[in-house]
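For reference, chains read A, B and C in written order, and residue numbers begin at 1 within each chain.
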Amino acid sequence: MKNWIAISAALLLVACGQQAATTSAPAETGGSRSGDFGPPQGEPVKAVLTSPPLVPPPTGRTAPAKVIVELEVQEVEREIAEGVKYTFWTFGGTVPGSFIRVRQGDTVEFHLKNHPGSKMPHNIDLHGVTGPGGGAASSFTAPGHATQFTFKALNQGIYVYHCATAPVGMHVANGMYGLILVEPPEGLAPVDHEFYVMQGDFYTVGKYREKGVQAFDMQKAIDENPTYVLFNGAETALTGPNSLKAKTGQRIRLFVGNGGPNLVSSFHVIGEIFDKVQPEGGTHPQENVQTTLIPAGGAAIVEFHTEVPGNYIMVDHSIFRAFNKGALAIMEVSGDARADIYSGKQADESYLSDKVGDLAPVAAAAEAKAAGKLTKEQQIAAGGALFKGTCSVCHQDSGQGIPDVFPPLAKSDYLLKDPKHAIDVALNGLTGKVTVNGKTYNSVMPPMSQLNDDEIANILTYVLNSWGNDGGAISKEDVQKVRANTKRAEGAAH
Amino acid sequence: MRHAAQVVCLVVAAACAHTAWAAQPAAPRAAIPGGTFATILPPAEKLKEATVRAFQMDRRTVSNADFARFVADRPEWRRDRVAPIFADAGYLRHWPNATTPGENLAAQPATQVSWFAAKAYCEARGARLPTWYEWEFVAAASATVPDARDDPQWRQAILEWYARPASATLPDSGSTAPNFYGVRDVHGVVWEWVLDLGSMMVSADNREQGDPDEKRFCGSGALTMEQKDNYAMLMRIATLSSMQANYTSGTMGFRCVTGPEPRP
Amino acid sequence: MKRILGILLALIGTASLGAEPNALPPDSLYQLQAALTDQDGRAIRLDVHRGHPVLITLFYSSCPAACPLIIDTLRATEKELDPATRANLRVLMISIDPGRDTAEALHRLAETRRVDTSRWTLARADSADVRTLAALLNVQYRQLPGGEFNHSSVITLLSPQGVIQTSSTRLGTPDPALVAKLGP
């Protein structure tokens, strides 16, 4: 009876566990069909626009409003890198353009103004707009003119906007992109800092960091071969005094866009992990992500919590872009050290590989030789240390060689009949058929050009006195004589 | 009686001056041969080429000084008298007063003039604005060849002008090197009005190519532009198609041509 | 002497474009003194219907698609008005194809479509004026190699003094915005 109860209880628990697992799918927001909260209420609101890297404050609205956005296009010449000037076409005078923040369901009355000093007409396609061209057809604006159109923000999310005047690639490559955030109706969770970062690729006639005024290079853009890959339109936009600043123990949110025109970004913050990522700016977050892909013409929202002070470098992890084209930004985090989380360097000492073994006897032998007091025992010890890792690779540690491949040195008749001949073999190598202990070997022993006279002498002395060999000794002078008298083979040391 | 005679003399003198000025071109015009060429704006859906009959084109853009003589002759085109339907608030606003451009601006290409004003100027000289095809035909030339449009260096040189911000000081009209036809200032100075501005039926969203809306233009959608890699020309069309006839701009100037009557 | 002066001044006056003694508002289209010929061969000017609200549009008689629809749309729009307003309204249709739309062609069209010529005028202008008119009315058109035209269809309402009140690109059914501007 008790067993039955136990089994039933166990089955019940399993069943409950399974049920819990199947109801964990996240709820859908319903997209545009659920995004129309009706006509705007209250007085029209003028949208607060910010220049990067700042983000406007949360709207704090709880009902749909009429929001007036006024954005001016300016063509401006600025530094793209130190000493390098470029004519950018901008929304609001900056690259990326001003950050726009509205709430889902808002009715946005969009005014696009084109500064009279502009050479080109411009328009705008906002990826958060439902309607033809994303607004582009309705906002085509000649220099010195302004246009207006109105749209309802039906979908929540973070969206790219960009100019769509022909040739579109050139307008985008000149910096005409930015982000518009359509807050979910309940708003975003509060954090300590929100920042606006946008990657773009730039194409100049001159090389990377070639000074002077640089023009746009159409062929490089078509070939997708950028000269610069940058965050916020300049190499120094977010470095040095322009670095982003935060403190330890803070929650950081980055709205990261990618204006392109061509490249996809592998966005990574060195030394941090994204606690939360809304990949592609979508609604449902992923957690614990190291590097997130941001499509060209796309964006993502990443959040992380700072624990350890230091400089955190943001990169496009297609890493040559970071170090050779400028895709680098810095967040300085200040605060107290946390050795329990990250200690910094604790040790730095010398390290020699196992294979090489302890070379102390070699040093001792060298000293003794210099003092004229080298003994056979010292030679054997030094030779043994050198044998390991050099000769042992083929002839093996116990000198037995490999059958049919490498001849043995242990009790080798070939060696012992003429030990001095071994000097020649070591110095000059040996190719072709040899018979050792009744077996034939036909291989190549390369000349030991890396060994000097002392080393050869010591190794051979070790060999002669190991594994039951007859003994004897070879001196440095013996080796010198052979070296001087034999014709050097090609590739052998002199 | 003397008073009346003086008035008559004044009137006659004015009439003579008007005729003299109107008949005189800025300089002998360049003779442009006719031809058929691949165009960015196809005349019809399957046709990629346009034909241009021989015509004569001003060798340089119309300058502020030229335009001032027109305004003196036709005071209804003064900036303080012109009807807003013919020119917007920016008309000749860079001139120090309503009648003269001043010494600094005199030789520079006339800008801040609307299509209506440019058209009236050319008509007053017994000429007309060039059509887009006439302009495109001449603009395809480099200094040495009649059609340099596939030359990447030629294209890049033009793109470089687009990359520079519009500056207050334009090079003097006629000061740039002549192209193959002996015409100057075609690239790198100002955009130029064309007669058939109303025919540039390009969608305001320039990405719409192959417009499925057949009813938009009574029997066709917006024009699909050819040679999409010829960015230099694409940008010129984008600019012209963004302008309405009474708009003025600091980078839009013009010149006149004489030749066969263009099609409507 | 004063008469001579007056004549001379008048001569100078007529040499220029559109300087009329009785003042037109600065944004009146009638400042364009376009010379037209109506369906009865009479020489008229653009301001032929000055003093009445006018629905003005560009078309051409051999147009296969939209233009017949324009006439229907204009009729349907008029139907929405009360008799007094309708009686005061004028319609001016100007051809973009003066080459083929001679006065006779326009006359034939007026008959075929039973146009009420007491209030509707079908007219032709020379090419240069057509281009200017199209620019003022924001109409785009382009002649195809075969002779037909691609053109945008726009019906514009002018005030009795020739100022643009509103315009519509809607074809087939009357545009409520246009009807509202016309009044009861």
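General remarks:
Operating definition for what follows: a residue touches a chain if its C-beta (ideal position, glycine included) is under 8 Å from a C-beta of that chain, and two chains touch if they have at least 3 such contacts.
No experiment lies behind these values; they were computed from the predicted model shown.
In terms of inter-chain touching, the protein chains here are arranged end to end in an open line. Greatest centre-to-centre distance from chain B is found for A, with centres as Cα means.
With centres defined as mean CA coordinates, chain C is found 28 Å away from chain B. The centroid of the Cα atoms in chain A and the matching centroid in chain B are 52 Å apart. Per-chain CA centroids place chain A at a distance of 67 Å from chain C. Among all residues of chain C, none touch two or more other chains. Of all residues in chain B, those that touch two or more other chains are 244.
By the touch criterion given at the top, residues 1, 3-4, 7-8, 11, 14, 43-44, 47, 74-76, 83-86, 115-116, 119-120, 123, 128, 195-201, 215-220, 244-246, 261, 263-264 of chain B touch chain C in their complex. Per the touch definition, chain B reaches chain A in the complex via residues 90, 152, 155-156, 159-160, 162-166, 203-208, 225, 228-229, 231, 234-235, 237-239, 241-244, 247-251. Residues 75-77, 86-87, 116-121, 123, 125, 132-133, 136-138, 140-145, 164-168, 170, 174, 205, 215-219, 222 of chain A touch chain B in their complex. Remark: chain C residues 1, 4-5, 8, 11-12, 16-19, 26-29, 31, 63-67, 96-99, 127-128, 130-132, 134-136, 138-146, 148-153, 171 touch chain B in the complex.
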